[in-house]
Amino acid sequence: MQICVIVPVTTQAFVAATDRAYRAAARPDTVISTVGLDQGPASIECDYEEALAVPDVLVKVRQAAEDGVDAVVIDCMMDPGLEAARELVDIPVVGPAQASFHLAAMLAHRFSVVTILERDIPLLDRLFRKYGVAEKVASVRVVDIPVLELGADETRLASVVAEAAAKAVREDGAHALVFGCTGIRGVTEAVAQALVERGLAVPVINPSLAALKLAESLVDMGLAQSKRTYATPPPKETIHP
Amino acid sequence: MQICVIVPVTTQAFVAATDRAYRAAARPDTVISTVGLDQGPASIECDYEEALAVPDVLVKVRQAAEDGVDAVVIDCMMDPGLEAARELVDIPVVGPAQASFHLAAMLAHRFSVVTILERDIPLLDRLFRKYGVAEKVASVRVVDIPVLELGADETRLASVVAEAAAKAVREDGAHALVFGCTGIRGVTEAVAQALVERGLAVPVINPSLAALKLAESLVDMGLAQSKRTYATPPPKETIHP
Amino acid sequence: MQICVIVPVTTQAFVAATDRAYRAAARPDTVISTVGLDQGPASIECDYEEALAVPDVLVKVRQAAEDGVDAVVIDCMMDPGLEAARELVDIPVVGPAQASFHLAAMLAHRFSVVTILERDIPLLDRLFRKYGVAEKVASVRVVDIPVLELGADETRLASVVAEAAAKAVREDGAHALVFGCTGIRGVTEAVAQALVERGLAVPVINPSLAALKLAESLVDMGLAQSKRTYATPPPKETIHP
Amino acid sequence: MQICVIVPVTTQAFVAATDRAYRAAARPDTVISTVGLDQGPASIECDYEEALAVPDVLVKVRQAAEDGVDAVVIDCMMDPGLEAARELVDIPVVGPAQASFHLAAMLAHRFSVVTILERDIPLLDRLFRKYGVAEKVASVRVVDIPVLELGADETRLASVVAEAAAKAVREDGAHALVFGCTGIRGVTEAVAQALVERGLAVPVINPSLAALKLAESLVDMGLAQSKRTYATPPPKETIHP
Amino acid sequence: MQICVIVPVTTQAFVAATDRAYRAAARPDTVISTVGLDQGPASIECDYEEALAVPDVLVKVRQAAEDGVDAVVIDCMMDPGLEAARELVDIPVVGPAQASFHLAAMLAHRFSVVTILERDIPLLDRLFRKYGVAEKVASVRVVDIPVLELGADETRLASVVAEAAAKAVREDGAHALVFGCTGIRGVTEAVAQALVERGLAVPVINPSLAALKLAESLVDMGLAQSKRTYATPPPKETIHP
Amino acid sequence: MQICVIVPVTTQAFVAATDRAYRAAARPDTVISTVGLDQGPASIECDYEEALAVPDVLVKVRQAAEDGVDAVVIDCMMDPGLEAARELVDIPVVGPAQASFHLAAMLAHRFSVVTILERDIPLLDRLFRKYGVAEKVASVRVVDIPVLELGADETRLASVVAEAAAKAVREDGAHALVFGCTGIRGVTEAVAQALVERGLAVPVINPSLAALKLAESLVDMGLAQSKRTYATPPPKETIHP
């Protein structure tokens, strides 16, 4: 099957890294194509930047559907444009936040999210309510590193994320962990291992991987988003920039 | 005080009608300025169209703040771009959905929304959850008229909305009503009167009016959205169309 | 318009202070009349005292309606007699708890209440559930000063309230603050300023002001409580004291 | 043990009927004393009447405690003054609404309330939220008979209540029933039998009986309401009528 | 009346201790018969052990009903087999978890559970959701003593439980306490007294006693579980071990 | 990978049919082994039968883990023994109810369950609460066919299920459908097609397939249930039958 991964930012280094990560995790029969944005923000850290990213995300989603791919993943934990994209096309469109939150809810009593910035908390909380998983959330823990600095030092990143994760398990009662930014996915195994070493082993969920596996599963099952929930937009005059 | 009303569509007739409605309802000391979009959809009836509207809404919000207005209202029941706009500026930004749902929750045990299209239901439901009012909602009733046809026949509009409203009161236990589209606001009094005549009198809330009065109240109180919830976007490179 | 403010206690000093506060905040075209109780407790700090206050509150509400005022505010954060008063009259009756909780819910992700006594916690919690805002509450913080001592030293009051408010923001994730007693309203600006100085600026809501602005807005909109939720009491024999 | 039953109205016929009902249901070692109000409404059908009843209910509760009874029941489905009474005394104070709703929640998936007047619905709904049982409620069904006419024709009362009860079971998914007014308790067995005859047998809960048995159980267990939730009122000057 | 208490483990010492506890607390007219399991685990501390216990619990429940007892109590805070047992027989079947959680919910704003093992937390949380009391729970506190060691040193047990209970009241806002294991019931009075001595008096609920009193009350009222919720199993071939 | 499917009943015909269904849907690299029970009920339609099935389910789960399979699916919509099995082994254990409910929650605004018997409703409702998806459920629709008759006439089964499904979409607002019994899975495509023909197309989820794909995904991701939520049972003496 063919899955198109949309990286909803204009930073090309993120596109290449995301492509590598998805190819490494895809099933042998899954073909990954990864595309970034031509227009939009360098990274998404707030509602304002998400709003600027979405129009070009939707262009990319429509293009992917026209190209005949089987499913689309929008690789950002804000799930930018997920609902609009699901209206626009009939193939499955998946977001890592929705996929990973539900996965965590299935594997554990409660889960925590380790994320990058204090300002993410209300945004994550809105996602928890939107997806109906709020009662399964133990806490949100913050490491305070901006997206664009995440790649600078993976060793330090693993260390601070592991520290936050350990606190979530020990102090907040988290029984599983989800990363609040797909940019953290590179340290998944290091963090999981660090928790094992502290006697705090819990599932550590790489949200990109959760999204990819959900997309593959949906294609296998012949399912997609409900078009009663995400009805195709009516034909209508629109003035584009 | 000065309040800028943003009509988040490119249909100029809506801008003029909205301007008249707000001027008629504003306090004597409130100066209304109304602006439509240069880029975006002719009307907003789904997430896709909302996504296309938001970037220019944000341009208009920033401009309004730079012009020194005291508050902004985004006049559409999807509250398009409300969170992003609240991040972008420090002056109060108000949406009619949030304002009218909370007002209805304060005046009545449960309220119903009378809206225009079946496809609005999941979008409204997401708003109910986002704003935390879901448990106060009795039902959503649909009249099945597209936005761009709302102005064609106000007498018929009043009649079908009153019919749906009466069913919401009698069959669903609604004790107050909110319109699910600001384009219905012209028939508020006719619908309220029709309910009185049927012995079903309940508050009928014009959401534009609820938004305007909330905006005026916030300016009076010297309050605005919390900048801890809606933190100012970080400076960042963005590629604009 | 004319708004009657009922101070639901027999302490005359509170009546005078409340009158000054409302007059200072009212719109130029709003006429405030303030009335205390002839019978009831010196202050309200529990359900028992609230129960003793309500009968005379209802006498005052009925009198206000007969006098032709446009709206009534019952100035106490227990909203004593709010539902009964709304049954009794057709003009809008507003309580500061309901008005300020919904306002805070609209401006911020979560809000905290800073209140005076530990014993208020279950009473506030009942109000949160009654008004449907429980999921928006971050915490209740207590300063431990009885109502009747609030006026003794406003500088110290501002200081302890600011300390509790700062903890609510820093430790509990509060993004807005509401005072749990209208008797604290005099220090609203001082507390807001103290938070700004600590880098913890959030909206600080004076509940009396929230109630007044809601009352003014309702009169502007021609709206009042739903008489289906608050039906007029049936004519019935009652033995009065 | 000694249990004082307070009938929170001034209608003496209700006091006598209530006394008979409680004596018939009490354990052999339970002594019932029943007292009505000297001041207050003839019956309670709304918040206004409840507010008028509570002050004398509290006088009766205090008197009962001074007389050395072991527990108090306030026999009305509005549980008028329950929280204030629990503050006032240390002996257990029980209300039939709280007792019967929790009992129904323990015996069945969902329960419905059959009550007397349409106007009760928002009041019952507030009680469901206050007591935390809202998610266990299937529906409220109304028979439309005022309290003061309940005793006029018990055969007809049983018939209309059974009809509403049958609809609640068949159409609303009720698996247990609670009466919304203690004045209906006389037809409990007739209604239960009518449901059996229709093949719709479910537990039919007489709320007065539920309250009595809870009171007896609490005395047996040496338990009462938490005085941290219902702290004793502070000594304070109060002007009584 | 006759009440059968099923101790759902094979440890005979628990059966004898349970029998003594129930006899001491039963009403004079209540005859207690206590029975342990022939097959199953020595104690129940997880879902796996609960699953192993339930088949023989059901044998004992059916036998009790055939013996003509009036009600059954399954004396374990996991309420093992409660729903299946309620299907199997028409007499009331009661579990201490359901009975004590609802009792605590009626007596206090919020309650905490003091339990024995960290691993109980997700199991208790599932019970809170199943019984609909989750919003009334302040916390779960753990003393970290396995069931089979509970009887070893009651003085130490009382001391560590009192310590955990005190923290729940002081730090978590618990206004009542429930034990998370019926094996703790022997120290109920010691813990309650220890809290009084620390100025932290709250109701301390012995869950076995709560179950017994609910069973007695149900028999008094002629009520049992709804057979629409717990329908009798259909006749069907089953291969027994 | 190797996945063991446990059919938690003793009816051998179900085992063979389940084996065929899973083999047909598995990925090429997935090896399915299917096993029924030696002891237990012929089918599971209530809590009592579930309780009788679980001990042998656990034997089969432990055996599968010892045999080195990568994951286990318990193929019944009651998810019998899911929690206990997750305690017992470290490999992923998956149930079709949990998997399909979360999948439906991700694809649609609200979903309905079409199930076989009226008596399933409270059991399904308990599962909705346990898994935290209750707010996403539109309705449960019943076709009234016992499990053991499901295979008798697949054409009639498809027809009655399609009829119930159509009502769920049209009258209850269902935007996706889940079958309440894995025995219905054979008509998934026929029901989906029947809905398309009526203009009511929504995703129709075969819960066995949802479980299989979740199991495959977990193995791909190297994830399993959290052992903090499902801790391994302590070593303990147990008397087996």
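Some points to look at:
Here the chain labels run A, B, C, D, E and F in written order, and each chain numbers its own residues starting at 1.
Here is the rule we go by: a contact is a pair of C-beta atoms (placed from the backbone, for glycine too) under 8 Å apart; a residue touches a chain by one contact, two chains touch by 3 or more.
On a predicted model such as this, the values are computed, not experimentally measured, just so you know.
Common neighbours of subunit B and subunit E, by the contact definition above: A, C, D, F. Centroid analysis (C-alpha atoms only) places C farthest from subunit F. Matching the C-alpha atoms of subunit C with those of subunit E calls for a turn of 120 degrees, to the nearest 5.
Separating the CA-averaged centres of subunit C and subunit F is a span of 52 Å. Inter-chain spacing, taken between the CA centroids of subunit B and subunit C, is 27 Å.
Annotation for subunit B: residues 109, 122, 132, 135, 175, 229 touch two or more other chains. In terms of inter-chain touching, the protein chains here follow a pattern that is not a line, ring, star or complete graph.
Touching chain pairs in this entry, ordered by label, are A-B, A-C, A-E, A-F, B-C, B-D, B-F, C-D, C-E, D-E, D-F, E-F.
Looking at the complex, you find that subunit B touches subunit F at residues 121-122, 125, 134. On the side of subunit E, the complex with subunit D involves touching residues 25, 27-29, 98-99, 102-103, 105-109, 131-133, 135-136, 169, 175-176, 201-203, 205-206, 209-210, 213-214, 216-217, 220-221, 223-229.
Considering their complex, residues 109, 135, 173, 175 of subunit B touch subunit D. Against subunit E, in their complex, subunit F makes its touches with residues 10, 37-43, 45-52, 54-55, 58, 81, 83-84, 86-88, 119, 122, 126, 129-130, 132, 146, 148, 229-231, 233-234, 236-241.
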